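Labels run A, B, C and D following the written order; every chain starts at residue 1.
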């Protein structure tokens, strides 16, 4: 934690321990730089998970969560970046190739656009689907009736 | 009228074979499923008839009633004709097989060559079937199986040439007589030839571990994908008939046709009593099991099977019990010969099934590499080996037991040498650097 | 579509068929002679272990490139989680990786316990370890059976399923269900261990070693099996780490890492077992690693059975769970790889966000890299060796 | 009497399938009819007890060459040729040639009926198994041409492999 603060100073929002797990909240635009730093110097060579959480009430609506793990030091680190409604963010695919599909899924579910991504398409839902299901304002019963009627021929949409 | 007379017996016998064949093929399928189940710790078909004995008939009826779907863009004429070609090719090959000394449709002077030639026509059926159904998958499957058949025919042919050198004649009857004169079965004289023929015949009938064309996991049943119902059954019948043909060639060529094992030595005459005893044993088993069958009709059917076995046993005992020189005694060779021939064919097919369930499937390029780079050269060396041993025996009058083992030894050395060099470039990876590869034993 | 005139129903279905191309029949095939063919191993393909569609770009027989189309089995598990209470969501977790349901349950329960900073009692932790290791053996058995079937060996499948049946019987006796067991509760166990649990597990483990030797005799020295798996689908160590691959696939590439050793959970720290690793990360090494893992799991079970501590089976957890706001990430070593749960709670009884890290999805991502340059038959072998379950990939 | 029936059956089959070969539009179907024509001629050989010739015809033509034909037709995908418009402007030239040909055939039949020296038909039984006879000539009296032919074939095969190698 202290090394990160020394290295990046302003960019680090807050560093806290929640249930004995290290969390770093950083500014979204420095994400790629911090990612490269943590892989090369800090040896977090395994991007375990990349996901997002939607807080509709806050103005910086999404926080992008990266879970890192260092094989050598056997340590975990969680980097969180706060993002606005349709604020694009740089892709970390160049740092960890595994981010390719993870970012596609976050785009699919939340609508966060990743600049520089090799082929940013929906991962799970069909391409023509409208709406991003995992957003809080997307009701659980809601469906893209237009697509369902046109492709599956189910009139009622249910 | 007398012009027709010589044709009556072969035509009659041919009709019997053509009628019996679907039944025999059906029961081979049943035996295969039972043996497969037995090897896999399960029971196999038990529901239709006692121990699933009526299963083939149930399958046949189902296949006949199934809707006969023809893909829209298929080439109608060829789609209809392809299975016919492969079935007729398979059945024609049966004509020259010496079931017993008397039971032979046509003792052609070129018996074996005839069988080889006709079975090579089978490729048309497969290739056209794949082309006519006009789907990408079946075309790939058809091309693959055609390539496989063509390449393994060469090694099978060479293996047969090896055995023909010993027999000296092409007519199947002649070969068996040659074996009975020599007192040795050719399998002991040319074991390498038998091994090559075994491998090549598996590949030729598209059976595992060489069943690439209808490999479920990739090509979804190869050239048979678009066929259904009766047409598919025709292809299946052709495959099993091919299997019978190939097994009977092996039996004639290497296992001494209709000869009883150790035919000439008097000490083993008790073997004559083996066939009837075997039949009696089966009959006893059926009768003991009959009352325990759940359904009444199954009981009756089991008893009927038992009866059938007893009748067979009687037929087999009859020539033995009757006094030596009467007319009936002479039919002994015929009936027993038939039994022994079918017994050997059965054993050979059992080996097919056994291999099918233990070995995973070869990838297509490995299959072709094995075919061309290992089997074909080995079979050529085998022919040379036999030639050398024959020459030693006939020209230099070396005793039998010296020259033939020498020939076999020579072939084995060459084989081992081939095997070692064959393993080097095993992996077809693109841009693959030369890995060190431990030579895996055969 | 046969000779009938396509009615309304058919028209739309053909629409779907075009979009989701059935196996092989209407394939966007360029003319055969051309250099590049796009071959569809469609959703209903016999060997894609579930509803996965791989669009292969072929040059003749060699694979030039591939693209996986997934999402057919997407049930929106994470969305449902936000509308269920913590206990209500537990059964959903079993439906994800339906081949190894017990370990999914273990991961989820331990994550929530970590969230609420509650410890499961020792007896519960030991029984959890036994059941999870049995589930790992069952999952590996199922993998071995189907993997061998894809490559053509028909017999191993039935041998493996025979053993798996024993394990499923133990699960059934313990919690009434064979596949989706929902055996654990947050804070401990649902049911007390039935009395002959130790005896059954011991009988199974005693006989199991001989069984694994049976599989070895069938496959390991089998020349065709070696020919079909050695040097196929090679994944070097650093390529594996870059692709975030975990579990047996990573260990087969030579990386010695197992969460049970690195961050022990449940009762793994009390037992002594080794982590098998391979050298050159090809299909054969993955096969050897998984086979060895089965033996190690058996060793753990035997050690665990000796002393199952007495005591309560449920920790101090109330009926209504209200974890303090905050977030936690907890992962366990599932048979397929690292199965992680990232749970964010806002203090109410329902989790605010549950993110499940699916090992199968991330392992599947490495597929494209592994099958380049191979033949179509090898693609099937590589999909098999990755041991993916589509329920987990699509969530 | 039966021999005549068989002979006429095979001859008719050969002629019909030969015609079909030419008239079919689909390349693969015409290849198949070519195979039936060849098999029909093989049948005629068989009815004359020339077993060796029968089997050589079957193996060589039907089993060997025609398989390659069908392979090539399938791989090269001749459907494209189907759509070109068929034209036969040179029908007049074709007419003249066929007329001349017909005249020659008629002349030959007329001459042979009168005095042409015809070979005495070999009695059926006297032909002992001709495989040995063929083999005898092949390997003893005509040893040299046999060797030259085999070398020629070898060269052809090696050439084919070398050419194919470049493309793979």
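Keep in mind that, in the parts below, a residue touches a chain if its C-beta (ideal position, glycine included) is under 8 Å from a C-beta of that chain, and two chains touch if they have at least 3 such contacts.
Here the structure is a predicted model, which is why all the values come from computation and not from measurement.
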item: Chain whose Cα centroid lies at the greatest distance from that of subunit C; value: D
item: A-C or B-D - the one linked by more C-beta pairs in contact; value: A-C
item: For subunit B paired with subunit D, centre-to-centre distance based on mean C-alpha positions, whole Å; value: 32
item: Inter-centroid spacing, subunit B versus subunit A (mean Cα positions, whole Å); value: 63
item: Centre-of-Cα separation between subunit C and subunit A, whole angstrom; value: 24
item: Subunit A: positions in contact with at least two other chains; value: none
item: Contacts with two or more other chains, residues of subunit B listed in rising order; value: 139
item: Subunit D, residues touching no fewer than two other chains; value: 75
item: Subunit C contact footprint on subunit A (complex, rising order); value: 18-19, 21, 23, 45-49, 51, 53-54, 65, 67, 71, 74, 76, 78, 96-98, 100-102, 109, 122-126, 133-134, 136, 138, 140, 151-153
item: Touching residues on subunit B, where the partner in the complex is subunit D; value: 3-4, 7, 75, 77-78, 81, 108-110, 113-114, 116-118, 120-121, 123-124, 127-128, 131, 139, 143, 146, 150, 170
item: Subunit A-facing residues of subunit C, complex; value: 8-9, 12-13, 15-16, 19, 70-71, 74, 76, 78-80, 82-83, 114-115, 117, 241-246, 255, 257, 262-263, 326-329, 331, 338, 340, 342, 344, 352-353, 355, 357, 361-362, 365, 394-395
item: Partner subunit B, residues of subunit D touching it in the complex; value: 1-3, 26, 28-29, 32, 35, 51-52, 55, 58-59, 62-64, 66-67, 70-71, 74-75, 129, 131
item: Touch list for subunit C against partner subunit B, complex; value: 2, 23-25, 27, 29, 32, 37, 39, 45-47, 61-62, 148-155, 157-159, 162, 218-219, 222-228, 230-232, 234, 372-380
